[in-house]
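Each of the two complexes below includes chain A, the first together with chain B, the second together with chain C.
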Partner chain A sequence: MSKSVGKSVARVDAYEKATGRAKYMDDLCDRSALVVKICHAAIAHGYVRSIDTAQAETVPGVVRVLTCFDVPNLPFPTAGHPWSTDPAHQDVADRLLLNRHVRYFGDEVAVVIAEDEVAAMQGVRALKVTYDELPFVLDVQKAMEDGAPQIHEEFPNNILKHTDLRKGDYQKAILEPGLIRVEGWYDTPTVQHCHIENHGCFAYMDAGRMVVVSSTQIPHIVRRVVGQALGLPWGKVRLIKPYIGGGFGNKQDALYEPLCAWCSTMVGGRLVKLECTREETFVSNRVRHAIRTHIISYVRPDGTLVARKFEAFSNQGAYASHGHGVVAKGMGAFPQLYPCDNLECDCWSVFTNRPAAGAMRGYGIPQAMFAGESHIDDICKAVGMVPLEFRRKNLMPVGYVDGFSKNELYTDTFNQCMDKGMAAIDYERKLREYQNQTGPVRKGIGLAVFWYNTAVWPISLESSSCRMVLNQDGSLQFQTGETEIGQGCDTAYSQMVADAVGVPLRDVHVVSSQDTDVTPFGTGAYASRQTYIGGFSIAQTAAALRERILEIAHEQTRMPVSNLDLADGQIVRKSDGRVLKSLGDLATESLYSLENSQHITAETTAQIKSNAYSFGCSFVEVEVDIPMCKVKLLHMVNVHDCGRLINPALAEAQVHGGMSMAIGYGLSEELKFDEETGRPLNNNLLDYKLSTFMDHPTLEVGFVENPEPTSPFGTKALGEPPACSGAPAIRNAILNATGVAIDCCPITPHVLYRQFKEAGLITD
Partner chain B sequence: MYDMKALYQAESVQDAVALRLKHPEAQIIAGGSDVLVQMREGKRAGAELISVYGLDALRGVSLEADGTLRIGSLTSFSHITRDPLIQKYVNVLGEAVDQVGGPQIRNIGTIGGNTCNGVTSADSASTLFAYDATVELTGQDGVRRVPIQEFYIRAGKVDIRAGELQTAILISRESYEHTFGHYIKYAMRSAMDIATLGTSVNVRLSDDKKYVERARVAFGVAGPIPLRAETAEKTAAGARLSAELAEAFGAAVREDIHPRDSWRAARDFRMHIAVESAKRAFAEAVRLAGGEL
Partner chain C sequence: MEKHLTQYQTVCFNLNGKDVERTVDVRASLTDLLRNDFRQTSVKKGCEVGECGACNVLIDGEAFNSCIYLAVWAEGKKVRTLEGLLGPNGELSDIQQAFVDESAIQCGFCSPGFILTAVEILESGKAYTDEELRKLLSGHLCRCTGYENILRAVKKTMYRRLGRELPQE
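Up next, the complex of A and B:
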């Protein structure tokens, strides 16, 4: 029965957020907090020789100065992955709280704890840090060369990890006569998440335990990392996650929670707060991996893919963080999206002296789609095929099953999505009209598809826990370890709970905040997993709660359980549909019963041993002003099959956000570094060109709803997919307009100027 | 939380002048959209500030007896854009400052702050250069008037002397009468950005709309301070309107501008955009003036 799922109900947190009543980390922090400010390294690579703290310690208001010479020698991992009990699968522990070995411009070398922010900053500016500098390297392939600066001793040639994938016989297959060879290099940039609330946290000791309140996506994971970093038993750490202002994967890492907690221990357990500035967020949190991809395809003139080579070089930056999983996910998509019998695929994650790259919306897929989908249009140009027809011929067919994940493409998703997108943008007519254009301003149309799989099974743990507690009035609280980070999961979950338990939505109260002392275990917001994964534990816990309720209903009504139902908050006799009593009356009687008082709850953990493909596409129409080197987006359409929609309005909003992110990725966003010093050049929201409303066309969203058979609610990933195919669709539209195959993103005017000049479209 | 040593709030222009003399190290603050950002970055940490923001006498646009257009230094960008005198006589200035930052910045930011900052990218500056504006400074000894081209000394440095306060920007009738202008802000995105290049062109056509009587073009970010492109102006002066004239006008700016290589943009790219922008801004100004190319 579905009363709430599938409807565009208002967000459960809309009122609190729109009126400013919702409490975020900084709202919750008591004003008595000491403030921690970090001294960031001003070199890209080297060792701290000394830090003179004398002057900083005399600044009025400064309480304590701590340096990289003071921290415990407890290397810890930061990635927001479920912990593995198998040491071979544990994340690389390469961080200290403060670092004497400086590995990027912005690394943490000292902190000043003071009574207020001004004193703390004065203290930071008064520190005198001397370094023994070492050569540094920013480029991923240069970092792999022999003799390149060594960033982590235990990783020769800076290679964190290399994996490969082989199928058939590539070398033999390419000997077939008459094949067309298409080769391309595709570069994607270092970008940052730019969530609206910078990361911050506060920490204090309470009854011998460490309490941390943090703007994080992954409270249970961060609790574990704080324990590891401070050498505390995990039960001595309590992590609380309030409302947060977005994360997009940056907060799927332990960021400054360990450092903040340690600072508290160093001032006697006093309350300390550490809040990042935007400048720090850009450089000293996490970024998206810049990945350079090399693809060679051998194709028959009819568009059949015969053999393909794929190499990806992923710029890991200074620390392992999420590490190789990101580029490996991208490589994993390559053989699946366009199946081909002969493959040679390799990918490397390589340390450089750039900010550490971690998780970011799409987790390697936006990079892989930019390279892969750009390359598909390059093939189309070489063999003279319409990009849409090539995709119809070569994309993953219905019935495809991935051997590793066992994911299956059950329905004709790709064609259905492309049909819908084509119709929305009038693809065929525009493709015809935009042939053979001349003149300075030209229009073009392009598309790209994307591959995404929900959640992390079978690579990592997938489970979810849920607790439901019935109130006297028949309403209930529920909580899970899965986190609301702005995407709307509290609302989607409330809808699921209402339907699964059999109560009206108004009687469902979500406990939004996670507190590791009381919230059931769950690993948090990442991998677009929560609606899918949380659905299992909600369905299972709701079933358990219903069973308890109906047993008590049996005791109270004397009807057999088999003849009872709970629907819309009423206990109903199934045989005649008569309402026997309300759930509220049942709960009140149960709780206050003098014979057998029962508080009615249920709590279960669901084991999820399945996963689901979530596919879709983007169509883009552009106008390219060649002399001005400018691209104007005229029209953009995303179509997704994320299964059954839980809340269509929220789903559409989710896609709008991802499209906006894809526009920035495609056209303007890039964190830049000074080649001479390794210093970040544009780590602020003026110089880093996040796209604005004024850069967006009307964003159009379509859905194809093929219910996912493995999900109790028929749903699958939608969090990250909207950010995956927009950038290559823009690139392909520019190719269609101008004939110029751009080899990188973002496609800024600077890039267009160079490439239009090379193509002879600009002659200065 | 700002690292501010002291804040003095001026009660009047005379009071501001007295405060300037009493606290020579203090920084004047108007809307604060630059000064507060710099303080937060640590560049002006610990500074003393003299706020002139309360001086309503310095707000608004008026016409003086001789037809000079007077823009009070504290007039905000959004007020300039919506001012009927600006719209009537130098609409291009209103359009130019309407491209500063976003709505909030345009509500707080002032034309005085924009020019006193001394940066080449200021959206008001190239149009003020193209209209030969005059800067009015008030000090202990009264009022001093400086042509805007002399007001800008070098990047970040303008001609404000001890005890002085910029009180108005003036545009003479001779400059604006019968002229039509167009500004092209070339930036990396369509809002919330600083100019990679700013191009402001204005033209006055002959009565029959066939000839250019006078053309002026000024650039921001084509040098360390805003500058005029006189070779282009001479190319157009007295010339008959044609598509070739627009091309020649654009090409001629190469003689006068000297953009630099920086991580924000390469010199050859800026040069290319300057030529194209000058051509397009000229064409649009001619169109607004009723001419045809």
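Up next, the complex of A and C:
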């Protein structure tokens, strides 16, 4: 039956992108636009005392200067979460368009609107800002101390939120004689998404409404936030999403759309454009939470986990953005991945004077996997077990059901994934080979697994809507609120629609752009949800469209609906398989009928109250030059079970990208700050070490396809999972090579120098 | 007024085979000129300081980050953008088709720059090893692909143009 799903068809947008014709935000903006440039705070914490705008206003070309003293007092939330009608579950509204209370080095304090970019920048430079400075804090645990600088008045000790999880009796369980205690601290860095297209947007008033065109993952959500920030009814805001040059979670926040829209209102609704520079993107968009994790495990000599303690301190930065959800998701994985009867888990999200942390590919899981999977190998070292065997013994067993999400592990997928990864990298042979090395250059092999929860139910709403409109030739337009941001969902959707409706792939026209005036509601690209969630509304809407088509076919052919089918774009009589007419003929006759003209469409919303675990693992082989404190990646393999593959080639490509991000996370990427001033030190692509073409080994990808029973297409999360297990696998391979348990990432030569020295492997 | 005038200069160059002339702000980058005056949407802005490679164009056959190349420097040069690769009926060139076939394109923002550096590599007529190709392509950053399929696309096209079989891995 399936004709398109499962095939590696070319991307629907490949031609447009291979020719440079695909229109991104800036390609669509008329050159008459006024340009907005932001004046960013040059202190880490304090209050703006005054802004002298006189000189800026005299710069030729400057149209308007606006400061933090001019903005409406309408605090708004920015997180790309579905809105909750329950005030207790709404995102923290802690932002103003421009801020008098400066909470990080780079906070927005004023804007200059000018006729061109040069004039706007000259205007910003001519502003004279004076501050009343306050002490600042960058470290997550120092920010929790009594007397630490207070960043948001309503959150004592800067704690945005604390949650815990208890099971059994940890304190009693650890008294069992003969247990081995393993303790570790694991630090992960502040990193940035580094999509190659920076965020930007433009805005103008049209017929009394605000129109914003933005590089965003979440058009329907940003529409709501712009309404909230400007005090406009949400229907007065129209949000349009064109092609997007990558997002990875950064654009899963309302970034500068509210500010840009407000600027337009302040110049009479004229067209204004706000484009971030790369330097601004690093600091004044969102970053991934740096999380410090403390784990204690009590283990029997045979490797049985008896009791475990988990504490995670999440560096939230200056504003709540996605808030506590990120570290909470990471903590949620802890008891599930390696079930244990006695647990004490706590996590805190803590404000500091760093850039605001939001969503980034993996949403807390890369941090949790770095800590958790590093710790598992530390346990293996302590009890003398092979890391793979320990995992086989302790990982989530088949039939495991999570009490909260009701997710179930239906198949032996972890072992299947690990078997495939082992074979690809020749694990057992290399493990033996690398056992007793002594020289300055040593090789090692390591692995890490991950678990990732598809979509956001039951924490939040999961629904998706789509519309299918049949054309006279039997082809159809497909529209959904779920967004293509580079990952390939438009292509996967076109394949799913073709099969679900019963038309050839070439007859499905995906409308790639979302426009909140015409696109059905959907919350957008996040939580690796779209293929899973979108699949429900595609299946449901296709069924409705088919029903409608077959009713009309009945009218036109006089055959009973029960004897009719739509397959490959043809109306077929089931009893003998005869093609009665083409879908195109049916649609044309229906539309132009002088008796009963019908425009054939279907539109439905599917609400989804299920969820699915997505699984996988990474295997890594490294060569460590101990005196040089350098790591070379020799081989990297990722194996994933994301259910049935909709498009194997695009799935593989998606995994490559995640592995690449994990390489950077493991070895080189970190946004650094000056301890004296709080100023970011490397917010550019030269000094921030994104992994390059030359930092990659050949990336090998495997899949285990266990169809997900809750999905109409048997699919589940793949967008974020590839970024989750690579960094701890690298770390564990270094442990295997050197015996040194690295306590943080990225594992730079500086880190290796410190830890190799501590371990006595090198001397000064 | 005089100060205003001295900021502009006329530049004559060849863009994708056609002689063109524009009066530009002497401070403007070639990226700005190509995007604003010629609507070459393939020329992308990712950093505007020569770090990411998204704005790459070929100048007299050599790859340059057009964001740090002044528009006035294009005087007398032959400038090629991705738009110039397309056949008269919209046919993709072999390297563009290889990017499509090998799933080397995701968000598409780095793709034009990569493809033009690939053209420079391919037009050299040389056979490069994987390591050499990685180095030659390393002026471009990509966050979506892990570079794997980009390497495959360039390598496949290089072998095809050289009339050789692609070695089996």
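We take it that the second predicted complex is superposed on the first by the 764 of 764 C-alpha atoms of A that agree within 3 Å, B and C clash if a C-alpha of one lies under 4 Å from a C-alpha of the other, contacts with A are read in each partner's own complex, and residues count from 1 in each chain.
To be clear about the criterion, contacts are C-beta pairs under 8 Å (C-beta built on N, C-alpha and C of every residue); 3 or more make two chains touch, one makes a residue touch a chain.
Keep in mind it's a predicted model, so treat the numbers as computed, not measured.
**Student:** Could you look at A:672 and tell me whether it touches chain B, chain C, both or neither (first, second, both, neither)?
**Tutor:** It touches chain B, and chain C stays clear.
**Student:** Classify the contacts of A:360 with the two partner chains as first (chain B alone), second (chain C alone), both, or neither.
**Tutor:** neither
**Student:** Looking at the overlay, does A:305 come into contact with chain B only (first), chain C only (second), both, or neither?
**Tutor:** neither
**Student:** May I ask you to decide whether A:750 touches chain B, chain C, both, or neither, giving the answer as first, second, both or neither?
**Tutor:** After superposing on A, A:750 lies in contact with chain B but is clear of chain C.
**Student:** Looking at A:764 after the superposition, I want to know if it touches chain B, chain C, both of them or none. Which is it: first, second, both, neither?
**Tutor:** After superposing on A, A:764 lies in contact with chain B but is clear of chain C.
**Student:** Touching A:10, do we find chain B (first), chain C (second), both, or neither?
**Tutor:** In the superposition, A:10 touches chain C alone.
**Student:** In the overlay, answer first, second, both or neither for which of chain B and chain C A:693 touches.
**Tutor:** Both partners.
**Student:** Name the contact category of A:118: first (chain B only), second (chain C only), both, or neither.
**Tutor:** In the superposed model, A:118 contacts both chain B and chain C.
**Student:** For the overlaid complexes, name the partner, chain B or chain C, with more touching residues on chain A.
**Tutor:** Ranking chain B and chain C by residues of chain A touched puts C first.
**Student:** Which residues would you name on chain A as touching chain B in one complex and chain C in the other?
**Tutor:** The answer is residues 118, 685-686, 690, 692-694 of chain A.
**Student:** Show which residues of chain C lie in contact with chain A when the two form their complex.
**Tutor:** It comes out as residues 27, 35-36, 40-49, 51-52, 54, 81-83, 85-86, 90, 92, 96-97, 99-101, 103-112, 115, 134-135, 137-138, 140-151.
**Student:** Flag every residue of chain A that touches chain C in the complex, lowest number first.
**Tutor:** Answer in residue numbers: 8, 10-11, 13-24, 26-27, 31, 118, 193-198, 243-246, 248, 277-278, 485-488, 649-650, 652-654, 656-661, 663, 684-686, 690, 692-694, 696, 698-699.
**Student:** In their shared complex, at which residues does chain A touch chain B?
**Tutor:** 116-118, 121-122, 125, 627-629, 668, 672, 674, 681-682, 685-687, 689-695, 748-750, 753, 762, 764
**Student:** For a test of understanding, state which residues of chain B touch chain A in their complex under the given definition.
**Tutor:** 1-3, 42, 45-46, 102, 186, 188-194, 196, 263-266, 268-269, 271-273, 276-277
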